[in-house]
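Alright, structures below, take your time with them.
One chain, subunit A, links the two complexes that follow: it is found with subunit B in the first and with subunit C in the second.
Now for the complex of A and B:
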């Protein structure tokens, strides 16, 4: 029904004072994993390493602090809702509740 | 930063006695205190802080590894240790699987960059499947430290 494999990306700054420490990373991976699209994240303010957004261990390598700009890329059928959910999660400073609309299958 | 300099060898526990998460956290902290790495009278304070932290969100990152970490004002310097459980411990990990390797990092409250850099280094090593597998198999302090020194050398 949706157009074959699509690729969507966004760039967004980390707003919370603590940066992407363990808990935000876990939350990000939780949300990313609800989508079938592949998710990759690059810290454009860091060493530009592209990591798997569904791997908590890889996400810990981003070293993203407050103000770091992340590029989030999604590839696959549900890439668009994935990017919407993940960007609103980051925007909210990884607070609970806000971005819960991840469209369960 | 070399992990072999951050991880305090004498505090390593190649076979943990505790079988539950809170017990493991306390056992590792007590070991650090016994080795003079943290003040004895702060063990319980830091343990409570680590437990609260785990309750807010598990540091079980999946693949049999947990990295509990605490920033606390009573800590004067950054120090890390490792505990190994051959039976596995329930850390409410991301992938729900038991945890066999626990890397604990303690940092002073006022050194966030250093803390982040140490976490990055720890995860860079844990990324590698071989490193995780050998770490899980290493059953002596020497074997664990050798593994970490090797990883340090291949990384820099």
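Now for the complex of A and C:
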């Protein structure tokens, strides 16, 4: 049990042209799900609704477009590495490591 | 009483009570479950989730190798949503707190999400609503399993009203008690329309919003002959149409009596009337209608099923069934005509800017040689069971034809090495359906075994009219003088070169064009099985010189309207009591 359960958050803008569509959402959910910490995301440029970062449905409802600022919060033992992984994922434009440029034409 | 006009897919009259498909296909009644049933509902949900994931994963496997990345990504999101723990939890909570069935809880939660996507600003996100709908249907299909209420369970004759039907749904109508169809969507030559015509029951499509204007249980008259439907008719109208319906049934019965008679003109010219089929079972239907075999087997319908690509053995079984069902008459198998409007279930998300000019038909097959070879192997194996021909769709250049032919020869060699029986002399032909092929027909005649003119595409490419676009489809007509002249030249050139030529577009099954085509020298027609009796009746009343006079006169006009009016008058003289 973790009495030292930590809470970490960051704020970051969505850089890629097509915003949070099917592939970016799944990349985010897949990465978030590898951590035991809970992950919540708020689109500060949108309706300000706080959604579950491990939910494919709710992440799509964020309505995050290019330039939308997201607040990502993690709660739990591995909150810090989770935030690090997720913020660099968003920063890279949801790159899967295979192709750097994933923007649709 | 309300009269709504549309496009006719098949003549005739049907009167009956309405079933609305969209609404009733997935109507989930709210059912309160007892506390001890809750566990079994939760288990049902859990199993449906697992089955859905397995099904969609299989589909995606096929998808990622043959189709676009975007489509695969969308399906990955589908999988993500089905696996979504928050979503599953809210459905489980709904089952527990609402004491309702798994089906009702799933439907309620998913429809909530659909509403939320609908309110979004980004049109791409609004589109996600359809994905959520798709996911909902997939889950419900697995939750309800066999218990799903669908058309197969109709207990009395009914008129089907729907926004649109998929070719797969349409194909199953023959097994139901549906006696007529009215659709919001559709154009006269869409594949749903073609399938409806082959089925032969009265139908009107392109009615825009009929599915919102009527409801289940209302009475609807379908008048395919006059291209209209009448909702909630008054008593006088209803009585009038009941009589017409009875006359229509008598008329179709009389045509069926022609079945055993040959298709010969009065001066003894034999005309071959074959069938266009989508499903192997239709080969038999064609024989019942008095057809001379299959002139066009549209194999791509094997793809229109949720499981995706058919295996070699599955294809072999289907082709063999069609060949055996033709009882010794020839079957012409067309290789997959995928792309354009015939999307497989999996391709719905892949968008080309101009699909009619895009990766379709033989182009698609030549870019997917593994898939193409599997099909050719299946065709060759089936050719051992009866007279078979094979042809390639949308051949536009000699190079394409040669490459396709080479692929067949490769497959032949493989099969012979494996010691499998095939017809080594199987005739190999092409569909002529582009202006380029029509202009170059003389060159093709030197290399092909036979030519089948596909007028549906030929007309649309010659006239640059999208036949599926409701806004311009009225400009689409085989009566255009340019079409008539192209046909004249192609038929003349093939006849001179002694290359077997047939015509398998919608035009072949329309009595309006029968005399014209016979007059142009065409001796082989392929059409929906339902059209055979009437075309045969007409052919048996004309002579070749008479048809030649009609063709000469038709070719002298400068506008399609003059051509149509003239042909209509000439056809009416021959078939005074028929709906033309």
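Convention: the second predicted complex is superposed on the first by the 94 of 105 C-alpha atoms of A that agree within 3 Å, B and C clash if a C-alpha of one lies under 4 Å from a C-alpha of the other, contacts with A are read in each partner's own complex, and residues count from 1 in each chain.
Keep this in mind: contacts are C-beta pairs under 8 Å (C-beta built on N, C-alpha and C of every residue); 3 or more make two chains touch, one makes a residue touch a chain.
Computed from a prediction, not measured in an experiment: that's the story for all the values here.
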| item | value |
| --- | --- |
| Touching partner for A:44 - first (subunit B), second (subunit C), both, neither | neither |
| Partner chain in contact with A:61 - subunit B first, subunit C second, else both or neither | both |
| Which superposed partner A:26 touches (first subunit B, second subunit C, both, neither) | both |
| Residues on subunit A lying within both footprints (that of subunit B and that of subunit C) | 19, 21-23, 26, 29, 55-58, 60-61, 63, 65 |
| List of subunit B residues in touch with subunit A within their complex | 56-59, 61-63, 65, 67, 69, 94, 116-117, 119-120, 123-124, 126-127 |
| List of subunit A residues in touch with subunit B within their complex | 19, 21-23, 26-27, 29-30, 55-58, 60-61, 63, 65 |
| List of subunit C residues in touch with subunit A within their complex | 70, 73-74, 76-77, 80-81, 83-87, 113, 116-117, 120-122, 124-125, 128, 132 |
| Residue numbers on subunit A that touch subunit C, as the complex places them | 18-19, 21-23, 25-26, 29, 52, 54-58, 60-61, 63, 65, 104 |
